[in-house]
Amino acid sequence: MATSATVHSHAAPQGFIRKYIFSLDHKVIGLQYYFLALVAVFVGMFLSVLMRFHMIWPTAVLPIIGEIKPETYLSLLTMHGTIMVFFVLTTAPQGGFGNYFLPIQIGAPDMAFPVLNMLSFWTTFVAFVVILAAFFVTGGAPLHGWTGYAPLSALTNSGPGEQLGADLWITSIAIFCIASLMGALNFITTTLDLRAKGMTMMRMPLTVWAWFVTAILGLLAFGVLLSAGILLLLDRNLGTSFYIPLVVVNGQVMGHKGGSPLLWQHLFWFFGHPEVYIAILPGMGVASQLLSTFSRKPIFGYKAMVYAIMAIGFLGFMVWGHHMFMSGMSPYTAFAFSLMTMAIGVPSAIKTFNWLGTIHGGRVRFQTPMLFAIGFVSLFVSGGLSGPFLAQPVLDIPLHDTAFVVGHFHLIMGVAAIFGMFAGTYYWFPKMFGRMMNETWGRVHFVITLIGTYCIFMPMHYLGMAGQPRRYSQFTELTYLHHLIPLNEFMTYAAFITVAAQFIFVANLFWSMFKGPKASDNPWEATTLEWTTATPPPHDNFGGHTPVVNHGPYEYSVPGAPRDYVMQTDPPTVASH
Amino acid sequence: MVTFSSPVSIDVPKTGQGGGGTRPPAYCGGGDGPGDGSPDYGQRLRRVRLGLAIGLTSVTMIFVSLTSAYVVRRGLPTLDERTNKYVRDWIPVDLPTTLLLVNTALLLVSSITAELARRQIARQAALAPLRSIPGVSLGEDNGFPWLSITVVLGGGFLAGQWMAWRELADRGFYIATSASSSFVYLLTATHAVHLAGGILVLLYAVAVSLLHKPVEERRIVVDVTAWYWHFMFLLWLYIFGLVWFIR
Amino acid sequence: MGLALLGIIWLITLVSTYFFAAKTWWLPHGASLATAGIDHQFAVTYLLMGIVFVAAQGALGLFVWQYRDRGTASKVTYTHGNTTMEAVWTALTAILFIGLNLMGSPIWAAERFAPAQAGSVPVEVTGMQFAWYFRYPGADGKYGRTDPKLMDPSAGNEAAIGLDTSDPASKDDVVTGTMYVPVNREIDLTERAVDVIHSFFVPQMRFKQDAVPGLIIHMHFTPTEIGEYEIACAELCGLGHYKMHGMLHVVSQEDFDKWLATREAEK
């Protein structure tokens, strides 16, 4: 049971350093994570703009940047993927919103271990600095892709950027692993031990369930990535041969023997697959939350949603081999992994049906948060349905390592998950900053981004079927790719427009922080605990008193209730389930 | 099905203060603690132990992945590029067993002393409330320095591991000599790093005991560190067993 | 706004589906025995997923408009769900997904579980930064010894793969930079990689297999149409990945024999 005193029995901190730099307050730390991710996403977007530009005009000379050589393109690609996956998708939804709202939504005054929380943010920050440093060292950033397959990533002479740049990349990821493990520990302990009276597990909002299961995934997966990275550093710097068999680079026999490139793939993907669920589960939680709130209707099938989250988490550890169907792995093993992969499609489908079921029979309000939640569902459907193609090894033969895969994971991670973050931003902005974001510009942002991202990523499926391989810096060398260049050009223009529209969001965000209309404590008429407290919440979240929970999280339009929402802390006499 | 229609318009939002919260004073133990305004150390101890258990799961995963890599590599035939045949190239490492057994004994004793330190401070924490009763005297509080002894023994273990690596090198097994030697160094070094972390926390616990913080607070630090220390011992047994029996 | 959302979602669905249905950009024409099975499985998956795609997006668009807040006219159905429906659609989804997978499994088994049949044409494919080399074992049917120490990419085909010319079995080995195979015969591929992972990908053969250093990987395929087919590298292998390509020539049996004989004579 949470009590103020058990967590921290001291008054709010004074002084700029304690209040804003090394704050122990989960709300400040959440904002720190969020703004780190915001910087990272603009870096990542800039890299992708350069990439799309180069694909169409490979010989162009840009101002300041100059000519983008093929190896530079690959560095851009590597850093784009790494920065987006780690410093955006694993940072903002969990570290950002999770940190800010998990304690409040369960009625706690802070996370279980505030000092650890502060350390985990600053460790993440250090990791970000280290990876950016890779751009500036001799040889530049590595070119081996965010997946870093050995021996390409394990040999220092396999290409430019594979010396210090690659070591910095691995080091940054290792530091990030440690930061994530610290965060996971905090999230899990907090969820298990700090819930307020009446906040049973089955009364927790689905956002909390999502953050909780995501933390468990992180706890079990990041250690494996750390191991993989250590072995890679040893191969690169101490001459070991974990991943490198006897190889000859440019006529020179290297001093390794006996290693297995597939070992890297197994270790990496054992982490890598749960990682993509880490990226999407919080967004699913936010979508559930918003669809219910803005349809004025309980989430359809709360229990099923909880079991689905757990099933996705559990099965997520059993499917990693579907990234390796073409790798030389045993075809029998491939068959086993493919069955598990088809199985994991089932809980995802359940969630989609339940989202549709939530809207059905409701009365939908179209504020910006809801628009992005609806967009999330559409994008999740689109991105998810290309999964069953790739899950079948026999169809993976033509599709593996083509643009089809890139389209699949971008629609889910690169758009749906981002829509989850946008939705969370527009939704929780009033609570965090005490003001409302501008609705009109929110709608403009939504429409351009939804259409724009579909224009960029849906065509990738066509390109993949036509045989366009991924990670090609240009399509001039293979004749059968020439007829695909016009479609690629269309996607590049769509990318320019869509990226430009994100500045609308940023402008709205910062302008509204200072000039937006003041928000009430509960502008969306929502039921969960963060809306019971002041805007912004006081230092200990509930102003000195501990909430007592009497209702579930989605009691909207309860027959017989005085208004169309019953807050979780409303007296038990108000009818609900 | 009963339906509900509401006349509430979004432009007149109501504040969300539900009436369900109780209003005890800020530092109350919420019914679980002493109820006299002091923090609930029992709850805090359980929470920190829970955090440790969760954290140790992630450490376990590191060693699970290293174990899996070890076992698979040991059984994996590798391609001889010249004959184009797959051959077994696993060379069992000539481990300095005696030295490693001595180190194991050191760590075992240190686990015992850590446990004695843990129980000692638990007793002191249990007796702490009595000290505030006027007229009660429990005598001096200078217990045997079990904690400091644990630190010394832990340092001894690390020194012994260093000697073991030197001995391995003397026998011709460096980190890159063979796949087997790479794993031996990797597994023992990863353990040593985690143990060194434990020593740092032990040093912090020793330092904190000199700083006159409340004994209940110090007790939490020592308790959790001692459990971590036991885990490090068991982990060492596991690693030693792994590289010894699965050579 | 509800109507606008319906319009946008349905429009996106319509446009996407149109380009899928019209096959504007599609799998290239298949010219191998595997094509029929793979393309059929592809078509079934695509049809079923397409139906789900249209239904789900259609329902989403419809619902957000149909259940928009219309003030007092809107009545909300308060419900926490329907367990029967959950059970039904869970079961249906599981049957659909697992069924699809089991349908495609025999094709996978045929492609990958069994080795090449006797009498197939052996070709060794070696990938290195940034070229493909092909070796034919010649009349003795045996590949000669290769030695990493003898590898010298700058000195031509045989030196690039490190062929040990002192080995008698190497005498009749033919090493080329282009791949020739006879039509309608099973090709027994032996894939190797010298430095990093590459991937031998011929879209029109519906064939892909990673070439991994430290592994000798056997795969097979059967070309069924004479023609020239581009080989792409499908695993990131360095700065030259985009231009690491080869050419597969599928010719008649006589043309193949003639070509091979000419190469033998050149040695």
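A, B and C label the chains in the order they appear, each numbered from 1.
Methods note: contacts are C-beta pairs under 8 Å (C-beta built on N, C-alpha and C of every residue); 3 or more make two chains touch, one makes a residue touch a chain.
As the structure is a prediction and not an experimental result, all values here were calculated from the model.
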>> Per-chain Cα mean versus the mean over all protein Cα atoms: which chain has them closest together?
In response: A
> Pick the pair with more C-beta contacts: B-C or A-B?
Replying inline: A-B
>> Counting only Cα atoms for the centres, state how far chain A is from chain B in Å.
In response: 30
> What whole-number Å value describes the gap between the mean CA coordinates of chain B and chain C?
Replying inline: 48
> Counting only residues that touch at least 2 other chains, which ones in chain B make the list?
Replying inline: 2-5, 78-79, 81
>> Counting only residues that touch at least two other chains, what does the list for chain A look like?
In response: 245-246, 258-260, 296, 365, 557-559, 564
> So which bits of chain C are touching at least two other chains?
Replying inline: 74-79, 148, 214-215
> Where on chain A is chain B touching in the complex?
Replying inline: 1-6, 9, 112-113, 181, 184-186, 188-189, 192-194, 197-198, 219-224, 226-228, 230-231, 234, 238-242, 245-246, 257-260, 263, 267, 270, 296, 365, 520-526, 531-533, 540, 542, 544-550, 557-561, 563-564, 567-572
>> If we count contacts the way the header does, which residues on chain B are in touch with chain A in the complex?
In response: 2-6, 8, 10, 13-24, 26-33, 39-40, 43-44, 46-47, 50-51, 54-55, 57-62, 64-66, 69, 72-73, 76, 78-79, 81, 89, 175-176, 178-179, 182, 186, 190
> Within the complex, which stretch of chain C touches chain A?
Replying inline: 1-2, 4-5, 8-9, 12, 16, 19-20, 24-28, 34, 37-38, 41-42, 45-46, 49, 52-53, 56-57, 59-60, 63-64, 67-70, 74-83, 85-86, 89-90, 93-94, 97-98, 100-101, 104-105, 107-109, 111-113, 128-129, 148-149, 151-154, 162, 194-197, 199, 201, 203, 206-210, 212-215, 217, 230, 232-243, 245
> Which residues, counting only chain C, touch chain B once they are in their complex?
Replying inline: 72, 74-79, 143, 145-148, 214-216
> For the complex, which residues does chain A have touching chain C?
Replying inline: 69-71, 74, 143-145, 149, 151-152, 155, 158-160, 244-251, 253, 258-262, 295-304, 326-328, 331-332, 334-335, 338-339, 342-343, 345-346, 349-350, 352-354, 356-357, 359-366, 371, 374, 377-378, 381-382, 385-386, 388-389, 391-395, 397-398, 400-402, 443, 447, 450-451, 454, 458-459, 461-463, 465-467, 469-475, 477-480, 484, 487, 556-559, 564, 577
